[in-house]
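Chain IDs A, B, C, D and E follow the sequence of writing; residue 1 opens each chain.
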Amino acid sequence: MIVTATPGIKQIVREVWKPLALLFVWDVIVTATYFIIPFTAPSLPLTLFGSALVLFLGFRSNSAYQRWWEGRGLWGLMINASRNLARQARNLLPEEAREAKRAIVLHQIAYVHALRCQLRRQKPDTDVTRFLSKGDPALARANIANGLLDGTGRRIDDARRRGWIDTIQQAAMEAVLVDIANAQGGMERLKNTPLPVQYRFFPTLFTHLMCLLLPIGLVETMGLATPLGSTVAGLMFLAVLAIGDDLVDPFDNSPHDLPLSAMCRTIEIDLLQAIGDPAPPPLAPDKAGILW
Amino acid sequence: MIVTATPGIKQIVREVWKPLALLFVWDVIVTATYFIIPFTAPSLPLTLFGSALVLFLGFRSNSAYQRWWEGRGLWGLMINASRNLARQARNLLPEEAREAKRAIVLHQIAYVHALRCQLRRQKPDTDVTRFLSKGDPALARANIANGLLDGTGRRIDDARRRGWIDTIQQAAMEAVLVDIANAQGGMERLKNTPLPVQYRFFPTLFTHLMCLLLPIGLVETMGLATPLGSTVAGLMFLAVLAIGDDLVDPFDNSPHDLPLSAMCRTIEIDLLQAIGDPAPPPLAPDKAGILW
Amino acid sequence: MIVTATPGIKQIVREVWKPLALLFVWDVIVTATYFIIPFTAPSLPLTLFGSALVLFLGFRSNSAYQRWWEGRGLWGLMINASRNLARQARNLLPEEAREAKRAIVLHQIAYVHALRCQLRRQKPDTDVTRFLSKGDPALARANIANGLLDGTGRRIDDARRRGWIDTIQQAAMEAVLVDIANAQGGMERLKNTPLPVQYRFFPTLFTHLMCLLLPIGLVETMGLATPLGSTVAGLMFLAVLAIGDDLVDPFDNSPHDLPLSAMCRTIEIDLLQAIGDPAPPPLAPDKAGILW
Amino acid sequence: MIVTATPGIKQIVREVWKPLALLFVWDVIVTATYFIIPFTAPSLPLTLFGSALVLFLGFRSNSAYQRWWEGRGLWGLMINASRNLARQARNLLPEEAREAKRAIVLHQIAYVHALRCQLRRQKPDTDVTRFLSKGDPALARANIANGLLDGTGRRIDDARRRGWIDTIQQAAMEAVLVDIANAQGGMERLKNTPLPVQYRFFPTLFTHLMCLLLPIGLVETMGLATPLGSTVAGLMFLAVLAIGDDLVDPFDNSPHDLPLSAMCRTIEIDLLQAIGDPAPPPLAPDKAGILW
Amino acid sequence: MIVTATPGIKQIVREVWKPLALLFVWDVIVTATYFIIPFTAPSLPLTLFGSALVLFLGFRSNSAYQRWWEGRGLWGLMINASRNLARQARNLLPEEAREAKRAIVLHQIAYVHALRCQLRRQKPDTDVTRFLSKGDPALARANIANGLLDGTGRRIDDARRRGWIDTIQQAAMEAVLVDIANAQGGMERLKNTPLPVQYRFFPTLFTHLMCLLLPIGLVETMGLATPLGSTVAGLMFLAVLAIGDDLVDPFDNSPHDLPLSAMCRTIEIDLLQAIGDPAPPPLAPDKAGILW
């Protein structure tokens, strides 16, 4: 996620110069053609077409934004649930269960890192394995995060069997595990369900068509100013189109996705401090102003 | 659900060539007529009509998308709840209840397959019966999935009667059953409640009318370019109309519905691995890029 | 609710022929007047007026649809909660409480029928009284459904007093009663709260005004085609207006309301089969394709 | 809230005649001026300005409606929670706690009346004090309703101390108190948080500006029909503006607010009948069709 | 938050005079140029550009408003949860635990003040430290509010260990802590997640471009009235743009943010009165009508 208050001109230029240049070249070609072989092109269909396109693109970028924001909300729930789990582990389990407390909290840290890797389609990195024993059975599961959560459930039930907590306290902790499982399920839903194919294909097709038609419709009235005018208008349509593409997958490991690494670090700090361990500093944006 | 990043040109062509051809033929007829018997047709009502139609279609495809997305969300809840049930069965029930654990988990797998068949209006297939005994009373119920859930509730209460779990643990598991029943109820609501009849009838009527009127309104200003212009504009309206039709029933067993089979397989894998059984591989999209 | 895939032409014609005829007559009058006493009428205000009207109508039919859909969702919750109550009654209460189980389930069936009658402003019919004893105190309450729910609460507490369930199991069942009460409250909210008066008055006023002004604004440019053009455009505005009226009260006992009778029957079937009783068949749409 | 099916013409005329008259006078002045000193005024900026204004007003009346509907939803939750509290008080507490049951139910009635007075910025009326003893400590609190809820919590805990209910039943009742506190908090949020200042200032400014500019922009094309045309168009903008003002504060003791008194009476009836006391009749709309 | 019913003209003028003046100067320059060196500039692209811009700005101010309103909702939940915690502390804990009750309530007051400071990126002020002992371990945490919540959890568990409450009552109080943690997490999510960069960059760019193009497109038809007309239209676009900037961060310590200080004071009053302590008066708006 780009977090600089105003994105650097560089960043913007780097992203849009290519379509901008193509657009401008096309607009110049059309204008030149018009002055060589004049043609007439009424603007009415452009207006009709434009208003339908605006609706289409508006809906799509709206949906993409909602997916992005839902993804952020789900990670927010994950942060909350991790804190709740740590607070309960620390407070509900007795002094003598010091080791079990630590294990629950450290496995939760491993869990969020594992989930991050799964969502970004990466192999589990050292952040995952750091807090796990080598032979942890979760590592053999297709869904490692799921396996780690099962392990936490087992640890909590083990605490009950030893008489450290009663079934009511277990139920309270189990409710937090349900929150965690639900947040994970929601993230996997976003990851595994692209927008319907129509919203991936038609907006792109129609936007590019619009960019092609714009100078043809405008040249008669705008004359030599056509390349400028239709490049600016075309840029706006391309910008809205790009928003849809950038936000639609919030866990994509691109500059526009959500800062999963930073959020995992936040959880790590909160949880380590909750059990009194030293914590690493929070992640900072890189030089380009991107927080990963 | 079509999951290929960019849908094949073939797929798109196959879906739209028919209306496109019809549209083009009509546009050519109108244009030809105009050059034989010139007529005048002002464009104002087209603009008025068009903007009202855009609103109408926009609302409809929006509602259809929300139904589709809600259907996906409900299946997501089902995946989460199934995992929660399996985790609780495994952790809360004692070692000696090994058979009861397995029964709860395997019946949950049968449950989601039965629900899938019900939603797609299919007979229960072998995936349903595979994990059930022949005389399971649920198979005689009008709503088989419901009967299976009742059976799971009975199994959990049986565990309580034997003293394997106490009533608090039972309440925690019962809360998961409530989640499952609510998700199922939501899916049946989507399946059994079509959009209001006005949203099924009028958008189709008005869109087709628009396609008929488009060349008449445009021919005076566009001349020979009319067939091209009004086919493109008409295609856009037809595309938005089609989205509504494709997404409105997310459990329809069509290329545009939700991948219920793949999600049931995901649940099967997660649950089998949770009890340490060998699991089948996840479902992959077919050659046309469709995940069922 | 009209459930036929494509509504019969008859149904549609029956609903719209009256305004359509009136509209056409007016359009013909205006056109005739124009050819007798020519007048000029610019179209700009029509465009301005039209776009504001589209916004107004769009908002209203959107709100009406949301009320309709919320009503359906609340009945969905009622179906779920009824199933949950039946499952818990059957599983949590012991064998010896056979009569109490039956009473809870049968009273729940009476409850949903009573609620249906209340929402449709009908007297409680035989479906309500069928499962109740004559002197049931609930029948004397202003809100019969409420009284029946209180009775179920009493029956559950009675089961606790006899030692059939403990307070934890009672709390689980009480939570389902809270769900039921909340769904009922939501339905009564929809029934008792019409749209704000402005949304009932102004859209109707402005739509009718628009239909009056349409031919005046169009006749100058459309000439003899005016009656056709402005009737079609007017029909669209009237159609959107009608949607708002049809959907705004989802419990209205009209062809466009929700199929409460059919949903009550669904609950009846599910609950009777859950206690092993014979169940009636589901309700089918009537000849006109309407499911009540 | 105005509940008559179609609001009386009187009511509408009374509300809009003033701006309507002012608007008409201004339109006549502009038209007269035009015929004395002709001026040219292009209509393009009017269209641009109009479409931006429509967006602005649309958003505002949408937000206002959502606040109004959320306010209604919160009172709906209050009705549900009051019923749940009464049902639990009656069923969970034993026969011997007859006085405690009555006290909890009657204090809940006082509570909703106190909340109604607070939201309408009125002093607590006799409906509040009717069921309270003179020296009730809640009456000394800044937030009386809050104090009454604390009292109910104390009464429930007292029942537990006497052994009438156990802590599980207490937890169930406490959960209802949390529901009540949340509904109250939501209502206070709506009451204390006006729309952002921009949405209060700019829409009014721009709408009035629009009304001033309308005849200037239209007179050239509409001639003598200008006063009529621009009064009608202006009325529409004023109507949408008024909706925002009317609905934005749903607890305002105006004809357009929510019927708090009637809803409090509904709660009173339900609760008194639940404990077998005689109940007053429901409130009816006054002669002007307004339900307070 | 500005709470005066109608914001002072001063306030508005102070905020908008700068862009207004710049806009006007530019409009005058363009108009003057036109009368010196006439040029032609068609208005069509302006309409197209304008409608796309309206969509863009509309979406952005909509999102900003939703963030602002969600922020308010989360603080509302915090107020509710604080009241619930105080009520439970007072009622569930026995008389002898007087000190523990006070500690829980006073720490909750410190907690909301700490959270306010964190959200506004301020150092914890005396309102935070007033109720804390010097060596409170929470003050050493990166997230002080989090540390205070952990402390409350410990105090509640301590009450259980001493036998003042049982685990069921503890679970009820723990559920309130989960509510508090979730509200805090939601606020931090809003604070730490700006709108996607595209919504920060492009709307500003395109709005400024629009203001530059407006007089060029209008001067041909509006002549000498251009500066007036395009300043008014430009002001509207700038106003909508400003709304987005003002509301996007609801915890910003600016005149347009949420009144966190006032809400913390509300909590302080409610909680102090709940334990019978003297409470300060509520915060009032300052002379400029701003409630902080």
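In this section, a contact is a pair of C-beta atoms (placed from the backbone, for glycine too) under 8 Å apart; a residue touches a chain by one contact, two chains touch by 3 or more.
Computed from a predicted model, the values in this text were never measured in an experiment.
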Interface sides of chain B and chain C: same vs different residues, half threshold: different
Intercentroid distance (Cα basis), chain B paired with chain A, Å: 24
Whole-Å gap between the CA centroids of chain A and chain C: 38
Multi-partner residues of chain C (at least 2 other chains): 47, 51, 168, 171
Touch-based graph of the chains, sorted into line, ring, star, complete or other: ring
Complex contact set, residues of chain D against chain C: 1-3, 5-7, 11-12, 43, 46-47, 50-51, 54, 58, 61-62, 65, 68, 72-73, 76-77, 79-80, 83-84, 87-88, 90-92, 166, 168-169, 171-172, 176, 217-218, 221-223, 225, 229-230, 232-233, 236-237, 239-240, 242-243, 246-247, 256, 269-270, 273-274, 279, 282
Residue ranges of chain C in contact with chain D within the complex: 40-42, 44-45, 47-49, 51-53, 55-56, 59, 63, 141-143, 146-147, 149-150, 153-154, 156-157, 167-168, 170-171, 174-175, 177-178, 181-182, 184-186, 188-189, 193-194, 196-202, 206, 209
